[in-house]
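Pasting the structures here.
Below, chain A partners chain B and then partners chain C, in two separate complexes.
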Partner chain A sequence: MRATLAGGNTDVRVLMTHPMETAQQTKGAPYFIQNITVKVNGKPVIEGEISQAISRNPVFSFRLKGGAKGDKIEVSWLDNKGETNKTETAVA
Partner chain B sequence: MMRAITCGAVLALAAAPALAQSQFEKYQRMTAEGSPVELFELVGEDLWKKPQGPNNVSLEKCDLGKGPGVLRGAYAALPRYFKDADRVMDLETRLLHCMTTVQGRSPEEATKRLFGNADKPSEMEYLSAYVAAQSQGMKLAPGSTHPKEKESYELGKALFFHRAGAWDFSCASCHGEEDKRIRMSELPVLSTPKAARPVMATWPAYRVSNSQFKTMQWRINDCYRQMRMPEPVFGSEATVAMNMYLTTTAKGETYRGPGTKR
Partner chain C sequence: MLAALVVGGLLKPVMALAAWNKEAFAAKSPGDALNSLGASSTEPSKGIVIDAPQIAENGAVVPIEISSSIPNTTAIAVVIEKNPFPLAARFDFKDGALPFVKLNAKMGETSDVRVVATAGGKHYVATREIKVTIGGCGG
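The block that comes next holds the complex of A and B.
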């Protein structure tokens, strides 16, 4: 994950390693990320839902208003099997 | 009427390769815009600085040819001869050398997982992304003065044209003639600077079709697999020589990788 200040905004790019398998691929047992949460210094700023239509190892970009160097960005995700994962970085 | 239709069909066929090529280039531009290559570089940077092995040290003392720990321009000057190992090495071969010498890791451990997969990229892939990126904007200038560098180039050239295996293939069987494609991908004539330059300026690379980061050693390994030849040894004299031949053919090109491929 990379978080950089650009023109008063914070640009976040994150790669979430996940197989993202569709129902068709798995003969009815899809395996995909359902919820994505982006937090700045512990405070949620984005809550998103995605589906099995998204590719394997998805890459997302978010533009957040404001921000400062050193702000802690955390992106976490929850898949349909209840597994969670997260990644953290500081705004550069 | 019949005649007009036939004429139209012939024209469409004639225009097809050029159209396919321009569409493929458009696709390449679009995928490059959203490429996650920089995210692989970031993980590579962490691994470069992470203490590992029996010596519990990072690779920051690794000499890639520009002095211990110097990354700027190091990739663009590889492959080259290294006196301490008395052989020519490319990036991955040199990284393996540093893992075993600087970090004190066993060759077995260091080579256990050289090629990753979509679920878990390998350490070598992440490191290659990071190190190669530190040569952006530098001209490709592999070693060309030491007798072993010249030898490596000549060996690589010979291998490029050497036909063998069940299908009697050589690299030149696919990469030796202009205007050939495999599916939608153009097959560059890699023995010519014109074709080798843009290719070597953008490896290692992220592959969109399987969401994996791939090294040049992988590229050579997989070409040999496709030719149905025995699997070449990672970092061997032969694979380094192939890299040396291709990079020398592309020398002078400004490095702009790690790239993004179909």
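The block that comes next holds the complex of A and C.
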């Protein structure tokens, strides 16, 4: 994950390693991330709900108001099998 | 008993109460998906910008960038009209976030992509067609 100051705001780009398989691909149940949360210094600022239509190994860019060097950005996700993961970085 | 199972590692604690709108994501038409999101009535807006390729060679990875300049935008939903399940994603933007997202989506075939932004309890819409050379939902 990368978080950088640009034009007075903070640009966040995050990569999630996940197969994101559709029902057509598995010939059965789909396997995909459902929930994404972006936090700044522990405070949730974006909540996302996504589907099997998001590409494999999802990459998202978000834009946060303002920000300062050193702010802690955390992005966490939860898939439809209940597996969670998260990544953290400091604004550079 | 439950505590013992958790301590014993037999049960994995799952993130509690994460909201996921099953009904909206299971909808098979754009209209049903938007109804399930409570956004059946929408008004066209030039304040929603959809930046995407006119032609996507590979439907498995179609980059779509969305931003809203409608004041107080609090949510954005992305609906790929011809996908088997049209609702691709929705985002809530709270204080501290700008209504902007870039994502990669799968598209089964050439389709209109409809973006609905919510601001002040109203829903606004913009649409853009993306042509797909090779569909990206199966395979």
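The rule we apply is simple: the second predicted complex is superposed on the first by the 92 of 92 C-alpha atoms of A that agree within 3 Å, B and C clash if a C-alpha of one lies under 4 Å from a C-alpha of the other, contacts with A are read in each partner's own complex, and residues count from 1 in each chain.
Criterion: a residue touches a chain if its C-beta (ideal position, glycine included) is under 8 Å from a C-beta of that chain, and two chains touch if they have at least 3 such contacts.
Please read all numbers here as calculations on a predicted model, not as lab measurements.
Look at A:Ile46: by the touch rule set out above, it reaches chain C but stays clear of chain B.
By the touch criterion defined above, A:Gln24 lies against chain C but remains apart from chain B after alignment on the C-alpha atoms of chain A. When the shared chain is aligned, chain B and chain C each come close enough to touch A:Val59.
A simple residue count on chain A separates chain B from chain C, and the partner touching more is C. When the two structures are aligned on the shared chain, A:Val38 is found in touch with chain C, with no touch to chain B. In the superposition on chain A, A:Met1 contacts chain B only, with no contact to chain C. According to the touch criterion, the shared surface of chain A, contacted by chain B in one complex and chain C in the other, consists of residues 55-56, 59. Across the complex, chain B meets chain A through its residues 34, 36, 38-39, 42, 118-120, 211. Within the complex formed with chain B, the chain A residues making contact are 1-2, 13-15, 17, 19, 55-57, 59. By the touch criterion stated above, chain C contacts chain A in their complex at residues 12, 14-15, 18-21, 25, 60-62, 65, 67, 80, 83-85, 87-98, 100-107, 136-139.
Residue ranges of chain A in contact with chain C, taken from their complex: 9, 22, 24-25, 34-35, 38, 40, 43-56, 58-65, 76, 78, 82, 84.
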